[in-house]
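Before anything else, here is the set of structures, which you'll find just below.
In what follows, chain A forms one complex with chain B and a second complex with chain C.
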Partner chain A sequence: MSGARLKTLHKSFGHQEILKGIDLTIEPGSFTVLLGPSGCGKSTTLRILAGLETQTSGEVWIGHRDVSALEPRERDVAMVFQNYALYPNMTIARNMGFGLKARKTPAAEIRTRVTEAARMLGITELLGRYPRQLSGGQQQRVAIGRAIVRQPNLFLFDEPLSNLDAKLRVEMRTELLRLHRDLAATTIYVTHDQEEAMTMADRIVVMNAGQIEQIGRPDEIYFAPVSLMVAGFVGSPAMNLIDGRISTGAVETAIGRLEAKADAPAGCGIVLGIRPDDLFFPDSLEAVDQALVLDCHVEFIELLGARGIVTLRNGDTRLRGVFEERYLGRFAEGEQVRLALSRHRLHVFDRSSGRRLALAHAAPA
Partner chain B sequence: MHLRFRLILPLAAVLAAIMVYPLAFSGWISVHDYRLDRIDDVAFEGIGNYAFILTNPPFWNALTNTVVFVFGAVSIELALGLGLALLLRRMVHLPNTARAILLAPMFITPIAVGLMFRFLLNSEFGVIPHYLAALGIEVDWFGPDLALFSLILIDVWQWTPFMVLMFLAGLEALPKAPFEAARVDGASSWLTFRHLTLPMLRSVILVALIIRALDAFKVFEYVYAITRGGPGDSTETILFYIYKTGFRFFRLGEAASMAFVLVAVVLVLVIALYVAMRRRPGQAP
Partner chain C sequence: MTGRPLRYRASQFAVELTVAVAIAIVLFPFVFILATSLKPPHQVAEPGVWWFEASFANWAAVLLHSDVPANILNSLIVSLATVAIALLVGCPAAYSFSRFKAGGPARFTILSASMMPPVILILPLFLVFYHLGLLDTLAGVVVAHLTLVMPVVTWFLIGFFDDVPRELEEQAMIDGCTQFQAFVRVILPTVRPGLAGAGVFGFVLSWNDLFYALILTGGESRTLPVAIAGFWTFRGIDMGKMAVAILLAVVPVLIVSFFIQKHLIRGLGGGAIKS
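So, the complex of A and B:
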């Protein structure tokens, strides 16, 4: 098991710069998720790690080796492709054993290892079939099986669950995590599904337009996004973003005045971010924690099961809140409701740079 | 008569005129002693013509020559075509120009190709033997030992481009992903070729083989333009022998029966290849 490192990695296709300096250290045994919007360069990063694509500049290290100029076969990584990329003319058993055969492993050992991996993935009875005789979920497992029989330095997954239905996707997530625990192999996992990222990762790397926006544990990404992009991208429903401005000793926004100091000069344009989970009833929040009290008009309520999304309006500002079922009874479409914001759950960003601003609340009166 | 039958009548008539009638007529000829120089004295022979040709050494010689020609030409074209197609795919500079040039021989009519090589390879004033002699290599391309082989080479020169074209199209149509997976899996180029490219190209290869083999069985122009079956009968192919028997010696009955034997041989070959093609991995063998 080994880690990996990307050093100021750049990649251009023609005149288009796709990766603009990626620096990333992957700890041995970790489960790292690359998360970002479509087209931000996640697959390209992964393909450069695998050696399928050559970087324009920068270095790729796997373990203690500089593999920047090496062919994929010399890097000893295994990759699970988004579209599975099984060998159509081989049985499942041969599909899984092909990487070992390529490394001149004795036939008997190939058989043992394929059987063992098939047992782990519950696909033993599929070994004699061909890829096209399998369902998407089964092909998925075969693709994973083909990766794990190799026992490589590094596992690379490129959106492996994106073609599965919602139920199977959740099942496979658990299964992948169990596999990761059992094999303790370093894994890099690409997705643009933030729920997948939050539930699976030790560490999330949020990418945007060829750059890394933030690296952190899932809770750090969620509770302390370093930029407007991360704040807006992570979380569902998306964070409420409200325009505002710094004044002396306070932050003025469309929904009210926050008695707090941000480390930016007066007059600086800001964006206030509030997660939908962070709207509270005043009686469920300690008075000292209340940063702002809002009188809102309830526009409509969408029930999701045990929770509901409530769309609210304060003045001209529309807010979305997520509430548990026991609170939903307090809302009625067309009525007024009073809500409060917690001072520990506010995010303020510089509007022009998108960077997070630290907030120091005034001592409660 | 019902309208739908009347509507297909013109087509049926055309088919009858250009296919059924000639076929039936040559069938009829093949069981008669039909000679162009004694056209009013035609006797029924039954299987006499067939019995004669099947015991006639020149017929077997022609058939053997043809099989050697087909087998030699098509297998060289297959190997060469596949190799060239793989190389062309990797070519970085001027790939389209190279493809266009490589395909050119296919667009020349075979009789012209025959004449061209007759002069190029002529042992007295041909360009190729001239330069070979300068290198100390003396070869009589149309001598008794080499003539059939030379005809094979000419066929290879003209028809390898067809194979290249087929295989290029086949290669372009292959999915990219399994090949990337194979690279990550660490497969060498040989292993990839052997276990991925070749099996996935299987049906294209078989179709190309069928088309080329059928065409090569009908080889006539090169023989006619260059060797006329000689020296001796070393390059006499089945079609040339049929032509000779029918139109030079006027023995049309015998020629027609040989044509039917050829059809039978070709049919067996086509069916064999077709069965091979139908057997795809994933189905019971």
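So, the complex of A and C:
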């Protein structure tokens, strides 16, 4: 089991710089998710790791080897593509054994390993069929099986679940995690689905416009986003973002004045971020934790089973809140409601740089 | 009784009738030629005669006492060699055009040689072959046919390679293949229908060519179309023997097309249908 390292990786296609200096260390045995909006360079990063694209500058290390100049076949990685890329002219068994055969593994061992992988994935009865005779979900399993059989240094996944329907996607997520636990294989997984990233990753690498925005555990990414981009991208429904500015000893916003000191000069434009989960009823929040009390007008309520999304308005500011079922009864469309913000759940960002600003709350009166 | 089944049967009948007429129109020349080939010598020149005593005199004359079998062999050698070379060169070429965007916009120009009227090419070819001693050789005809067949085969295959997802060969390369191995072991089998279609297409082009063969070959190396034309002499047209030779020329094309008609149809669609 090996880790991997990318050192100041740059990639340009023609005059367009797609990767602008990626530095990343992947721990052996970890499950790392590359997350980011479409076109930010996730696939390009993965493809450079696999050797399918050549970096413009920078180094790629896998284990203790500098593989920067090596061909894909010399890197000993396995990859699962979004469209599965099964060889249409080969049976499933031959698809799965192809990598071993290309590496001159004895036939008997190929058979044992293919059989074992097929058993793990529950696709034994498909081995004699051809890819076109399989459903999307089955093809997906075969693609994963083909990667497992190889026992490679690194598993690379490029949005492997995005062609599946929602239910199957959630099932396969669990299955992939189970496999990861059983095989303890170093995995790098690309997705633009933040829910997938949150549930699967040991570590999330949030990318934006060819740069790494933040690296951290899922909870760090969620609770302490380092930038406006991460804050806005992660979380569903999206974080409420409210414009404001710093005044002496306080943060002024459209929804009220926060008695807190941000480490930015007075007059600096900021954005206040509040997750929809972080709107509370005053009676469920300790008084010392209450940073601000808001009187809101309830615009409408969307039910999502055990939870509901409530759209609220404070002055001209619209806020979305997520509440559990037991609280939903307290809302009525068209009525007023009083809510509070917790001082531990506020995010303040510099509006011009997008960087997170540290917030020191005034001692409670 | 409702009217619906009746109307249905009526339209069914109309469809069948149309198809029957179409088949009759297509088959008529064949039937006519077959009849001509079986007519006794004194009736051959009377196209209006449909009732006659079948005679195999023409067939025997052509098959046993003429050069036609040798011409057929020549034609086979020329067509097969042409197709083999065209595929061998055209296939990697088409792959490069498709995958590496080789030539860029110039890729349209590969067809120029086959778009040109053969008259333009024949004079230079004739002169070059004269100096190389390739006149009246099968090799010369093959080269001439390649100017026509190779671009068509290449063009034909580009569409098929375009349809192969790039990930397929990338997967093969990650799985341990060199780019060349990925091409041979994964990409080529995937475009097999295209290869078959291009092969037949090229074969027919070469097999049916009269123009190049007529000018470049004379004696020993005459191909079948040249031989067929040869029945038209200054002493008149030997219709009976000509008919036999024509049938011999058409039959292989029909047989080959029949066996790969499925692939041929997909091929003519330019590989538009993905598997």
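Note that in this section the second predicted complex is superposed on the first by the 365 of 365 C-alpha atoms of A that agree within 3 Å, B and C clash if a C-alpha of one lies under 4 Å from a C-alpha of the other, contacts with A are read in each partner's own complex, and residues count from 1 in each chain.
The definition used in the following text is that a contact is a pair of C-beta atoms (placed from the backbone, for glycine too) under 8 Å apart; a residue touches a chain by one contact, two chains touch by 3 or more.
This structure is a prediction, so every number in the text was calculated from the model and none was measured.
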Fill in: chain A as common anchor, with chain B and chain C clashing or fitting
clash
Practice prompt. Using the touch definition from the top, say if A:Gln133 reaches chain B (first), chain C (second), both or neither.
Written response: first
Worksheet item: Is A:Leu328 in contact with chain B, with chain C, with both, or with neither (first, second, both, neither)?
Response: neither
Practice prompt. State whether A:Gly99 touches chain B only (first), chain C only (second), both chains, or neither.
Written response: both
Practice prompt. Using the superposition on chain A described above, determine whether A:Ile309 touches chain B (first), chain C (second), both, or neither.
Written response: neither
Worksheet item: So, A:Leu168: does it touch chain B (first), chain C (second), both, or neither?
Response: neither
Item to complete: Based on the superposed arrangement, let me know which partner A:Leu183 touches: chain B (first), chain C (second), both, or neither?
Response: neither
Practice prompt. Go through chain A and flag every residue that touches chain B in one model and chain C in the other.
Written response: 50-52, 71-73, 77-79, 81, 83, 85, 87-89, 98-99, 102-103, 132, 146, 150
Worksheet item: In their shared complex, at which residues does chain B touch chain A?
Response: 175, 177-178, 180-188, 191, 195-196, 199-200, 202, 281-282
Response to the item:
Per the touch rule, the chain C residues reaching chain A in their complex are 165, 167-168, 170-178, 181, 186, 189-190, 192, 275
Response to the item:
As the complex stands, chain A meets chain B at residues 50-52, 71-73, 76-79, 81, 83-90, 98-99, 101-103, 130, 132-133, 146, 150
Discussion item. Quick check: in the complex, which residue numbers of chain A touch chain C?
Written reply: 50-52, 71-73, 75, 77-79, 81, 83, 85, 87-89, 98-99, 102-103, 132, 146, 150
